[in-house]
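Each in structure tokens, the structures are laid out below.
Shared between the two complexes below is chain A, which has chain B as its partner in the first and chain C in the second.
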Partner chain A sequence: MLRFIIRRLLITVPTILVVLTITWALVRLAPGNFYSNEKAVPAAIEKNIREKYGLDKPWYQQYWKTMRGIVRLDFGTSLKYEGESVNAIIARSLPVSATVGILAYLLALVVGIFAGSIAALHPNSKRDYASMTLAMLGISIPNFVLGPILVFVFALTLYWLPPSRWNGFFSRNLILPVLTLSGLYMAYIARLTRAGMLEVLRSDYIRTARAKGLSEWQVVTRHALRGGLLPVVSYTGPALAFLVTGTVVVERIFVLPGLGNYFIQASLNRDEPLIIGIVAFIAITLLLANLVVDIAYAYLDPRIRY
Partner chain B sequence: MNDNRPKVEQAKTEVAAEPVPQYRAGDVIHTAPEFAVADADVFAVERGDAIAGTSLWRDAWRRLLKNKLAVFGMIVVVIITLVSVTGPFLIKLLTGLTPDYIPSDVSLLRSIPPFTAADGSFSWIHPMGTDNQGRDLLARVLQGGQISLMVGVIATLVSLIIGVSYGAIAGYLGGRIDNLMMRFVDVLYSLPYIIIVIVLLFLFRSATARGQVVLLFFALGSVSWLTMARIVRGQVLSLKNQEFVLAARATGVSTPRIIFRHIVPNTLGPVIVYATLTIPTVMLTEAFLSFLGFGVQPPLASWGSLVTDGIQNIGIFPWQLVFPGVTMALTLFSLNFLGDGLRDALDPQTRKQ
Partner chain C sequence: MGTPNNELTSSGWAVPPLASVTGEPLLAIRDLKVHFKLAGRSKGIVKAVDGVTLDIAAGETLGLVGESGCGKSSLGRAILRLTEPTSGQVIYRGRDLARLTQKEMRQHRRQLQIIFQDPYASLNPRMTVGQIVGEPLETFKLAQGREAETRVQELLETVGLSKRFSKRFPHEFSGGQRQRIGIARALAVDPDFIVADEPISALDVSIQAQIMNLLERLQREKNLTYLFISHDLRAVRHVSDRVAVMYLGKLVEIAEAKTVYADPLMPYTRALISAVPVPDPKVEALRQRIVLEGDVPSPIDPPSGCRFHTRCPYAIQTCTEVSPPLVEIKPAHFAACIRISPDQPDIEQVAPGAAPGLDAAVAAAGQPVVA
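What follows is the complex of A and B.
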């Protein structure tokens, strides 16, 4: 196991460097620059700006400076939010994104596993068809359609919930963003749970558990779920990556000051340190999270050995 | 490591050493149902008829038709495609309106509700109403459908070409190369590819709307091939030790030719299934990018960009969001059901009990 972890880490580090190099090169190759958005800048001022941000140096020195900073987890200073370090922006916006993302994924897990198990326990019943059709709807309705419709119904028509904006953790403002974000994952998890449980419920050890007189509840929760949830566990890796995408949309719709919103703003502003900082941060987090998922997988499924 | 596996050149002589294919998590392993007998054949024998040869494809088609949801999906997809392609011409013939026709009468430069004329009475002229500039929403939704479907299909084709080649090469060559190639895929899997796409699309954004659509084909295609590569690799692993490959090798067929002329055609079933399921994913991604302002640019519209326009006015003109949103969701819904049905039909092992 330790060898596996070390091997994975050894492959992860160069990957992150490759991704960052590609991002860095893309930002550099693109025409235009961050300081002249619409009007031309006088030559003297342009020279000063370029000196201040080290843009007058040869490209390999700039590249080296960026990469050295990333290795030390110091992503430099934002070009647009003056005087603010990228680290400070990430530290400020990450809790927002993380709260929405984690709450949404937890909600999706609870509802998805429940609906999927019910469907698998009564295959081809009305409940099965109902939950699977709902799940397919969840997969097919894009979250930027679902979000505004929820806002229209619950905020603009019924006046039950606030339509947008951040109002601290554990506020009612979080309900609509979390619902919007979790719809897709709920649907996926329900489908995966159903497929996994159907397969497990037919296996010999479940028949044994039933034969020795365990209640149906115990058979399902103690024996079937552990095996039946393996597909859900392996989905967590990609789900985390998609969650990042999803939060970008939800933060745009509900005007939340999270990482995704800053990232879009940074791309529009060509705020190079902020773009690279956020990409680096997300890539590192996701790769580490995937490592954890793989370890959890090996723990749950004794057949898998690394 | 797995160096006991014979290299391709050696394999010509070392026929006896059959390596065990190495699967990894996530592989979809498809074993060709060589001895599968179609239900129809059994009935035919019972009736004493002569057996008509039933191909795998005809059998799958029959199974697909039994799946009501898949048939529903197929019909809806066909209808929406036909209507999107022909609709704008028909509307132009019937009413003279085009998707980008802005009325010259200033009083019409506003969003009119569905089935309403300018004076508020009932009218058939705008079944979906108009947008803020007074453009006919039905014509725009249909034209948006053309762009959305085109992006979905062409980007999927791009991902198909990359994924099938990559997976087939990795699976066929095996050993160290396979290990390295699939590790690379594992790593790409865990990256937030959408962020790379955004950087790419924003930085290389085209001056023309048409150029941007072409850029979307390649940007989306080049990030959606990972699962396809895994599926094809799993297939190739189970196919490459079969006799027909051996025969091809023995007669001296070159490696690229074996891969692309002998093995790849045999992986077609799962490839079609997964491609069908990739189309809705790509369309969703396109809509997402349009929502963020990186996708399809005006004057062209896609369902994603129409929904985005609708979101701005959700409180006052809800039809601007509802019509493109529902059309898009219905299409994705149908494509997903069709893909699921195809999978059940082409891979009897995973069929519903």
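What follows is the complex of A and C.
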């Protein structure tokens, strides 16, 4: 197990370098640069700017400079938010994104597993059809549609909840963004749970568990869920990736000062250090999360040995 | 218990003498039916078990044989309510298991256990052997902590496994070892009655004998009663006191084990027994097989009258009309066929077209006989 973890961590390093190289190349290949949105500058001043930021050097020297910083976990300073280091921006915006993302995923897990289990325990019943219809809707409606609908209903029509903006970690402002973000995962997890549980509930060892004299609740919680949730666990890795793209949209809709919002701003601004910094951070997070998922998998299914 | 067919018990059923056993049966099955509705638009109903009446005496091994799909396993599971019976009674120590609530039935799982056919699929792959065997102890609060651990280790040794195995997972074991784990699990609650649902059919021939011997030893040591379900006729003969033959959801013949094999009355039983290979090439070459025509008819729409008439070489027109009851043709030897009777027990000797058992069948209509 330890060897497996070390091996996986070692593979992570080249993966991140490849991701960052591609990101760097894409930013460079895109037309324009970080000052081209401002008013036109005289040639002499442009020359000074290029010298100051090292843009006059050959590309491989610039690439090397960027990568050297990343290896030291120093992403440089933002070109747009002057004087602010990329690390400081990430440190400031991450808690916002993480709060929304984690709450959304937890909500999705609780509701999704519950709805999926109920559906699987009563297949082809009204409860099954109701939860699976909702799940189908949840998967089909994109978050940039769901968000405005929720705002329209709960904020602008019923006046129950604030429509947007950040107001601390435990404010009512979080309810709508979390709901918007978790809709898709809730639906997906409900479907995965239903499929996984149906398969496990059909298996012989569930009959054994009933023969042992366990109550239906014990049969489900002790015997069925552990196996039935394997698909949900393996979905956690990709889900985190989608969560990142999801927060980009949701933070934009609800005007939250999170990583996603900064990422969009950075892209529009051609703020190269900030783009690469956020991409690097997200890449590392996702790779580590996938590693955790694989370890959890081995715990849930003792037959898996790495 | 000496006079056949007219002695009524409190439940109102005519009870003939039990073969080789006396006293109250441990388990009395009365007109048990297990019907499955087919999913989808088709209105079909699979009659897996269709009116089985049977007594199982304490301490005996009742072998239950029949082709695949004849309802043997459904009957075994319905007794334990692992499949809900559609109608009928399963009377165990004076209580009808079929009418208990789920909660009451769970309490009875201490006394009635089952050994499953597939030792690979029936053990939860995510639990250690110790957890699998120990879980019933915890459920019924029979033992806890260290005591439970010791008990699990004793159980493992009882079934011939090392007590060190309790920390391992099922996939680390062979089929025979896994079946031993399944048996240890069934024994954990110290039951009186065990349904052995094809316990050896998934095992190598060399292992089958070991498991059968283990089951016999456990029966002697713990005074168990078995319903031994199998399609392996040799295995059933080896372990059973009595043998019941099932065809398409109904019992067709039941008698002491050696009688069923030496002197089968039913054409179907004769065909089954003639199909058993003999492990001696010389004898095997001389073996005369009775080959039945066609396949087992679908239990969704079983043949009218005697269900075997479509494949029976002795069938006459009346067989398609009258459903034959189990009749005590010879002492303690029951068969369901209108073409034989206590006076004319050998179907070969019965005049062509004659049905000496017809009167008994008509008289017994609606009055099941307990075998």
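We adopt the following convention: the second predicted complex is superposed on the first by the 305 of 306 C-alpha atoms of A that agree within 3 Å, B and C clash if a C-alpha of one lies under 4 Å from a C-alpha of the other, contacts with A are read in each partner's own complex, and residues count from 1 in each chain.
Methods note: a residue touches a chain if its C-beta (ideal position, glycine included) is under 8 Å from a C-beta of that chain, and two chains touch if they have at least 3 such contacts.
Not measured: the values here are computed from a predicted model.
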Item to complete: Evaluate whether chain B and chain C can sit on chain A together after superposition, giving fit or clash.
Response: fit
Practice prompt. Based on the superposed arrangement, let me know which partner A:Ser234 touches: chain B (first), chain C (second), both, or neither?
Written response: first
Practice prompt. Scan A:Arg210 for contacts with chain B and chain C and give back first, second, both or neither.
Written response: second
Worksheet item: Which of the two, chain B or chain C, is in touch with more residues of chain A?
Response: B
Discussion item. For A:Leu300 in the superposed arrangement: first (chain B), second (chain C), both or neither?
Written reply: second
Discussion item. Per the contact definition in the header, classify A:Ala98: touching chain B only (first), chain C only (second), both, or neither.
Written reply: neither
Worksheet item: Touching A:His223, do we find chain B (first), chain C (second), both, or neither?
Response: second
Fill in: chain A as apex of chain B and chain C, Cα-centre angle in degrees (nearest 10)
70
Discussion item. For the superposed arrangement, tell me the lowest C-alpha distance between chain B and chain C in Å.
Written reply: 8
Discussion item. Can you give me the overlap between the chain B contact set and the chain C contact set on chain A?
Written reply: 124
Worksheet entry | Interface residues, chain A side, partner chain C - complex | 124, 203-205, 207-216, 218, 222-223, 226-227, 300-303
Item to complete: Going by the contact rule at the top, pick out the chain A residues touching chain B in the complex.
Response: 11-12, 15, 19, 22-23, 26-27, 29-30, 123-124, 136-137, 139-142, 144-145, 148-149, 151-152, 156, 198, 202, 234, 237-238, 241, 244-245, 248-249, 252-253, 263-264, 267-268, 275, 278-279, 282-283, 286-287, 289-290, 297, 304
Practice prompt. Would you tell me which residues of chain B are touching chain A in their complex?
Written response: 25-26, 183, 187, 189-196, 198-200, 202-204, 280, 284, 287-288, 291-292, 304, 307-308, 310-311, 314-315, 318, 321, 325, 328-330, 332-333, 336-337, 352-353
Response to the item:
Per the touch rule above, chain C residues touching chain A in the complex are 39, 77, 80, 82, 102-103, 106-107, 109-110, 113-114, 116, 118, 121-127, 135-136, 139-140, 169, 171, 182, 185-186, 189
